[in-house]
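Encoded as structure tokens, here's the structure I'll be asking about.
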Amino acid sequence: MIRTLTGLIIVLVLGAVAAAVIPEMQMREELQGVGYSYVSRGMDDTGSSNLVTAVIVAYRGLDTLGEVVVLFCASTAVVLILTLYPIGIKASEPSRVVAFTAKVLPAPILLFGVYFIAHSHISPGGGFPGGTVIASVFLLVMLGSSSVPDGRGRLPAIESLAGLSFGLLGFWGIMTVGQFLNNAFLGTGTPGTIVSGGLIPLISIAIGAKVASEFSGVFKAFRNTGGTV
Amino acid sequence: MVVALAVFLPLLGAFISVWLSRRKPRLSVIVSRLFLAGGLHSTIVLSIKLNAWSFSDLGNSIILRTGVGAPPLSINLEATGGAVIAAIVVYVAAILGISRLTSRNVKTLPLLLSLVTASLGLLFATDLFNSFVFLEIGSIITIGLTAACRCRRRWEVAVKVALVSGLVTILYLLAIVVIYKTTGELRFEALGMLHGFPALLVSGLMLTVIMTEIKAFPLSGWGLDFYEGASPGFAGVYSATWSLAVLMWSAGILPRLPIPNLQILAWIGAGGLVLGQFAGFRATSPGRMMGYSSAAYASILLILAGTTTGHDYLQLTLVLMIFAAIAKFTVFMLADPENENPLKSAAGNLLLLPILVIAGIPPLPVFWAKFKLLSILAGVSPLMLAAVVLGLFLEAVYLLRLWSKRPVRFLKNGRLVPAVTSLLMAAGAIWLTAGFWRSLSFSGSLLSSSTLRILFMTVFGAGTLLTLPGAWNRIKGERSYWFWMLLSGISLTFLPMAGNGITFYILWEVSAFAAVIAVSRGSRAAAGTFWFAVFAAASGFLLLASIVLSRSMFIAPGIPLILVAIAALFKLGQMGAHLWSVRAYSAAPATMSAFMAGTSSKAAVFLLVVAALGTGAVAMPAGSVLAWAGVLTALSMAVMAALSSDYKKVLAYASVSQMGYILIGLGLASVMGWTAAIYHTFHHFLFKMILFLGAAGVIFRTGTSDYNRLGGLIRRMPLTFTFTLISVIAFAGVPPLAGFGGKWFLYNGLIETGWLPIALIAMFASVVAFLYAFRLLHAVFLGQLSTVNARVKEAPLALLVPQGILTAALMLFSFRPTLFLEHIVPAIESLPGLKGVAPVINGTIVTTPLGNWNAWAVGMMVMGLFGFAFVFYWLSGKRPKHVGQLDIGFAGELPPSAEEVHYAGNFFKPYRRALAFLPRIHAGKVFSGITEVFKIAGDSVRAIFTGDARTYLAHSLIFLVIVLIYLRGGI
Amino acid sequence: MYCNKLPDKPDDRKKIWDKVDNMARANSLWVTAYGTGCGAIELRPLHTSRFDMERFGIAMRPTPRQADVLIISGYLAVKTLKRVIRVYEQIQDPKYILALGSCTINGGMYYDSYNTLNILDRYLPVDVYVNGCMPRPEAIIDGFSLLMSKIKAGKADGWKHYMENLEYYRENQKKVIHNWDLPDYNW
Amino acid sequence: MSTAFYWSIAGTAAGLVLVGLWGILTRKHILRIALAFTLADTGVNLLLVWSGYLPGRTAPIVDGTISASGITSAVVDPLPQAMVLTSIVIGVAVAALFVVVGVLASRRTGSADVRRMKELRW
Amino acid sequence: MISLVMSITFTALAALVWGLLLGGISRMVTARIHGRIGPRLTQNFIDLWKLFRKKSSIHHGTMFWLAPMFRVAGAIGVLVLVPLVVGNTVIVNMSFSGDLLLVVYFMFFGCLGMALGAGDSGHPYAVIAVSRGLAQMSSYELSFSAVVLVLAAGLRTLSIEEIIMAQQDGILSWNLFRYPFATAAALITLLPMQMAYPFSIVLAPQEIPIGPPTEYSSRFLSFMFSGRAIFGVAKLVLFVNLFFGGASSWISLLFKTFLLYMFPIFVSTVFPRFRTEQSIRFLWFVPTSLAAIDLLRVMI
């Protein structure tokens, strides 16, 4: 009771704060601050026509590296915990529908994922969504078979390689222009073409591979412990 | 490049190890170490480049640009001097912690390595959103490693950490939304661009986020649970890597918060420090104590942010945080992971150094920072100073309690970590002491009179040298303590040379805590050590506060003087504080007791002398308070001594009681009184040393100090008895020997000043002294020799020779006190501000306005008479026949056994009965009463940490609401 | 623990002081009264103003160390004998024994008791017997004056006799005291 | 129209955050708390996107419809979008870990009630 | 030096004789009060001689051995530290070498030695007596200290000569009249000092045979007797000096000490004995309160 009341009071007060503060945040009509610079200079600086990707991979690549690490850590932790302390639910036989789907769909989805990653700098998409899509293929395959997939060693190897390449790409930037994760030193190319945006595609690929392998690892970990996702 | 290597090498290592750890676990550990070593190397290179080790140009930085373009578009990593040093600590902790963390599961490697990267990223971060990402990495790894490490309550902890970091995420993102929306920027500088309501909101949010992250007091609940429940290995690594990084990051953010009056941070910190440490006072689990201690450091960070700026701020935060981190890391690393309650079985010996570091004992590194902080606070607000000192004291108390639980086990192969970290801490101590060297002074100018200075140095030096040989004769269960005794003695010896307050304080504390350690190594020290340490800490903090308050002078009149007086009373173990002195004296190794009671208690006298002179002589009201304290102590402790039946305890009470006379003398503030005090100080040194060394011999040979199990030792240890007898006659004040002089001067002074009631009680107390004096001699040396002790040998030479030397000195000064007085009296006479007439010394005669004393004549007379009686007896007939000890007129019966006939226990039973009308006040009870109050306070404070994770979230939110309301200036 | 040496033989050489000493001894008899039997009750009146033994310099001494005279007042049981021996031997030389009542002479009314000693003189050297069952205080005072005159004459040397014939006395003592657990010498 | 949209988004987002917070503070079941967190997280993400909203503009991707020269007046702020992406991923990661830990914790303590997890306190 | 030794020898012998005589008188007086004839006047001399000439004696150890010497040395020491007769320049002894405080503290010398000897005798009763004695001593020293303070603070001196000189202006200048309450307190403390009833808890022959000297015999005991006799005289002289105007001649010294000596005897014969704690409490409160009255007067 007290807890509910306290919660209510806190939420009400914070609501009041929100009610007070939101009207202060008037809608703008023009870009401001760094946003303006990103939009005005992004194409020239990075050669990526997808400005969001430009921000993610190029300008604020460090954030993205961090993000990758977040995901990496989370997956490692989940895998670690689940290996150490299995949840212990028995898996059931996949149904026919699932089994069938798992045979048919992986290829197109995989293609879609690869496209997502490869075109991250010119169209909506990027390493993260692409990687997730690819991981879903793994999930699907896993659900479709009753046995535990034998990905032993390969997934971590991919994960390792992908992460390493991301990091090394960053160092490459330092060695050439003294700026970590710089992508411009390769030449930005023509925006809108597939070979453009300097390092962006490469990094995207690394991110994609990493995200895919990590999510797959997580799924596998759940599966290994006999759980259903 | 180097910055990038420093930050990202561990990450590369993590990426590799995630694969390698499955294939080749051993190799992966080695590879990870290599990567960490590489990173460490980079940070060291950085630190040298930045000249960070001077701790003076901490603002210098090397910038790593990332991404494309320049800030604000891209993100910079900025390696400032301070951050680099913290980074080195992070690396060292990680390298040392690897084996501990991976001993069970090598798959934790990637997480550990990533944690290093996250820590360094946070340390070097310049961008708000970037910091957010690193914060999240840290949280996730914390949750993951907590859950992965083997300890019973990991799930609970993991859930709590996860909940809290979830909330922090939300609040932080909200702040970022507001900041970006308002300024269009995400660098730290954006905080400064805020105005009006957004500024207020952002301040509130950021403050809540930071205080939750650094576990500052009201929001520290989750941190406490974490430190208690997580496995000690991980908690240690966490505290020296991630926690350190978060603190340093917060240190960067806090001053930038758009709060109009930053001092409010200091008040939040000070309040949190006091309340939090009250709560910590109650903690029982070692891990939790460390949690409370880390809350204390978080509070100190807030205080620093609120009161200091610029260089001071950087330097203080850095020193405080890194050394606390190293120390805490060491503490956790010493824990035994096999044990159910791991910290309780930590290696006790090694535990002390880190604990002293955290508690800020000089000259350990944290002390310098705390000292500077307190000096600054003295200028800000005395109230805040008081709060901080109280908080730090409480922290020291429970930390010392943690140590005094005397965990005994040594880790089998865990010595590398403490070795390295101890080296680091020692290096820090040396480095910082060297840095502050110029502020120290050994000119001895605190005490202008060189005679007194030499006297005190003689006492301290001789006391140390004479007790030292005895320290090698240890009874069963005692561990080697001579080094600590020597250290204590050396710092005492230099005490009179101190030229300013800080020097004095350092020597004082080193001596006190070296003594604490030495005492702790006794065979039954557990009882005594804790209170000793607490009172040492208390007197230390009082002294520190007064030094800080009186600035350039050593002691200023007013409150500082009172503080110093209380500190000295604590140190003297006067009534009330006798709790520690009696317990410690009786629990310490016997020789150590001699050193403490005979020698180091004189440090307090020295302090009082110096303090009184520093303010131009003790003022009358304060003087009479001192005198009353002294006389009541003298009486009550004498009675206690008469009624207790443990050899060393009696000596302990006696020595506290005798200290009372010195206090009276000093309180008189007249030449006569001071002569009495100094005279008594010196002679008390002589005879108390003899007594305790004699006791050391007895205990060493018989293994007991219980009166009921001693007796008749005059037959086995005649030399010890002789020395003891002489010193007993001396301290009882029976004329031919020296103790009388002190009393004579004292009563002269008291009558001269007109303090008759005090004189009356003092006289009474000095007669009560006969009770325990006789009882002591009787119960130990006279009476019946028990069969158990029938074969004991005379005390070892290492104890006898010092006693002999001291006895010789005692006899010399007994018969020729003028040899001593003709130096002392002029010195005291020349001191400023003492009133009254000085005693006149003429040959062997000392004359005061009231009377005269010719010790030489009296001595000769006694010798002559005694000799005459002796010779007369000898010549007047046959020698008497010696009969056995049980051959006594026992109503025709045979005495059953020596033990049953030896009357030693319950000795002054009628006295006890006669005293029955008095209410029985035990200091122990008084203090447990005070402790009880503290406990209740602590309990009521810590009741807010209900253990329910949601309560902690509610704390953060309530705090947010309150801060917002405060910042807005009301609802 | 206990003494294990024979006492020194008394110095029998005549000295000029002997007369003075004996006078002093005779006029300063300090008494340890061992109230073994009913006779002890008759000692109390000696303190009173009616009989007032202090006028003879006789005083009670509660410790044998300071006494001169041991009064054995009445029958002596075997059990008591042990204590009496010890007390007697703890008295410093010269020392005298005053035996009260018939029991000490021949066992008196307990002559046939299994544990009462009939003839005290076999076990301890008695200087003066005071006859009676019980002797009146007057008789005791008479005994004292006899003892005093014996001392003055230098003839009260039961203690010397005891020391010289210690073996004889011990033999007799050990004959009746079967569990002899005393030290051999009790000085 | 766009103004109303702007404010309604803000209101929704704030509402989500508040509901999430209320859930966090009052729910007992550990997975419900996780859900509440996700709610609040979503609200915050919405706010992030909202903060970069400009009326009548399109996504910051240069394709045929946008000329490079007029781009500054045609697209919305890309930074919040980038941030929200990061934030979402982080949210997912945290949620995954939280669920795992929560499930395991409730297994070990025998109850999913956070009130039962109070062994560590004071 | 020679004259000093001779003077001390004379003083000690005189005090011994006077002390033994006083003892004899006291025994006679006591006997008369009891309605007895009592011993001879010389009985104490006879006792002393007898003890001195006993043919054997025993000892228990070094301290046991030395205790009687302590006792004698302490007693003579106190005696010679106190000026005997006002204006007598021949017999000044050691009174130049210390003041009242010295004397008061030196009085413990003999007691301490005695106590040590008792302890070394190994006899529990002896030690019980010592424990009682010390407890009692510490109690009466409270009031006696108060008395000393009254005199010292009132006359602004600690020197016994000066205290005597201050009482030379006729009988009303005696401290007896100047500080009647303090004198009363001092007289009460004289009782336990002289081991008189009702404070005779140390010797207490009914409970603990004779107290500390239980194990002492023969010559040792004779030393103790002499010591006690001399000590008694010394105390009387001190009291005469402090409260009764000192002594202007030997006759007046003898007379005053004799009169003063009668006081404990009379009290002693008519009172039963206190229990130890009763005695201690009585001595804490009654004489101290009396002395406190004068102490307050002096302070104000």
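Order of writing sets the labels: A, B, C, D and E. Residues in every chain begin at 1.
In this section, a residue touches a chain if its C-beta (ideal position, glycine included) is under 8 Å from a C-beta of that chain, and two chains touch if they have at least 3 such contacts.
Bear in mind the structure is a predicted one, so any value in this text is a computation, not a measurement.
Asker: Going chain by chain, each one touching the next, work out the least steps from subunit C to subunit D.
Answerer: Shortest path length, in steps: 2.
Asker: Taking all protein C-alpha atoms shown, work out their mean, then name the chain whose own C-alpha mean is nearest to it.
Answerer: Nearest to the common C-alpha centre lies chain B.
Asker: State, to the nearest whole Å, the distance from the C-alpha centre of subunit B to the C-alpha centre of subunit D.
Answerer: 50
Asker: Taking the mean of the CA coordinates per chain, how far is subunit B from subunit E in Å?
Answerer: 53
Asker: What is the distance, in whole Å, between the centres of subunit A and subunit C, each centre taken as the mean of its C-alpha atoms?
Answerer: Chain centroid spacing, subunit A to subunit C, equals 117 Å.
Asker: Would you please write down the residue numbers of subunit E that are in contact with two or more other chains?
Answerer: Subunit E, residues with two or more chain partners: 55-58, 209, 214-215, 218.
Asker: Please set out, as single numbers or ranges, the residues of subunit D touching at least two other chains.
Answerer: 17, 21, 25-26, 51-52, 79-80, 83, 86, 90, 93-94, 97, 100-101, 104
Asker: Which subunit C residues sit where two or more other chains touch them?
Answerer: Residue numbers touching two or more other chains: 7-8, 63, 65, 187.
Asker: Report the complete set of touching chain pairs.
Answerer: Applying the touch criterion to every chain pair yields A-B, A-D, B-C, B-D, B-E, C-E.
Asker: If you look only at subunit E, which of its residues touch subunit B in the complex?
Answerer: 5, 8, 52, 55-63, 65-66, 68-70, 72-73, 76-77, 80-81, 94, 96-102, 105-106, 108-109, 111-112, 115-116, 119-124, 127-128, 130-132, 134-135, 137-139, 141-142, 145-146, 148-149, 152-153, 156-159, 209, 214-215, 218-220, 223, 275-277, 280-281, 284, 295, 298-299
Asker: How about subunit C: which of its residues touch subunit B in the complex?
Answerer: The contact residues of subunit C facing subunit B are 1-5, 7-8, 34, 63-65, 82-84, 86-87, 90, 181-183, 186-187.
Asker: Quick check: in the complex, which residue numbers of subunit A touch subunit B?
Answerer: Those in contact with subunit B are residues 3, 6-7, 10, 13-14, 17, 20-21, 24-25, 32-38, 41, 45-46, 54, 58-63, 65-67, 69-70, 72-74, 76-81, 83-85, 152-153, 156-157, 159-164, 167-168, 170-171, 173-175, 178-184.
Asker: Applying the document's contact rule, which stretches of subunit B touch subunit A when the two form their complex?
Answerer: So the residues of subunit B touching subunit A come out as 1, 4, 8, 11-12, 14-16, 18-20, 22-23, 64-69, 72-75, 77, 105, 107-108, 110-111, 114, 117-118, 121, 129-130, 133-134, 136-137, 140-141, 143-145, 147-148, 178, 180-186, 196-198, 201, 950, 954, 957-958, 960-961, 964.
Asker: Can you name the residues of subunit D that touch subunit A in the complex?
Answerer: Interface residues on subunit D, with respect to subunit A: 2-3, 6-7, 10-11, 14, 17-18, 21-22, 25-26, 51-55, 59-63, 68, 71-73, 75, 77-83, 85-86, 89-90, 92-94, 96-97, 100-101, 103-104, 107.
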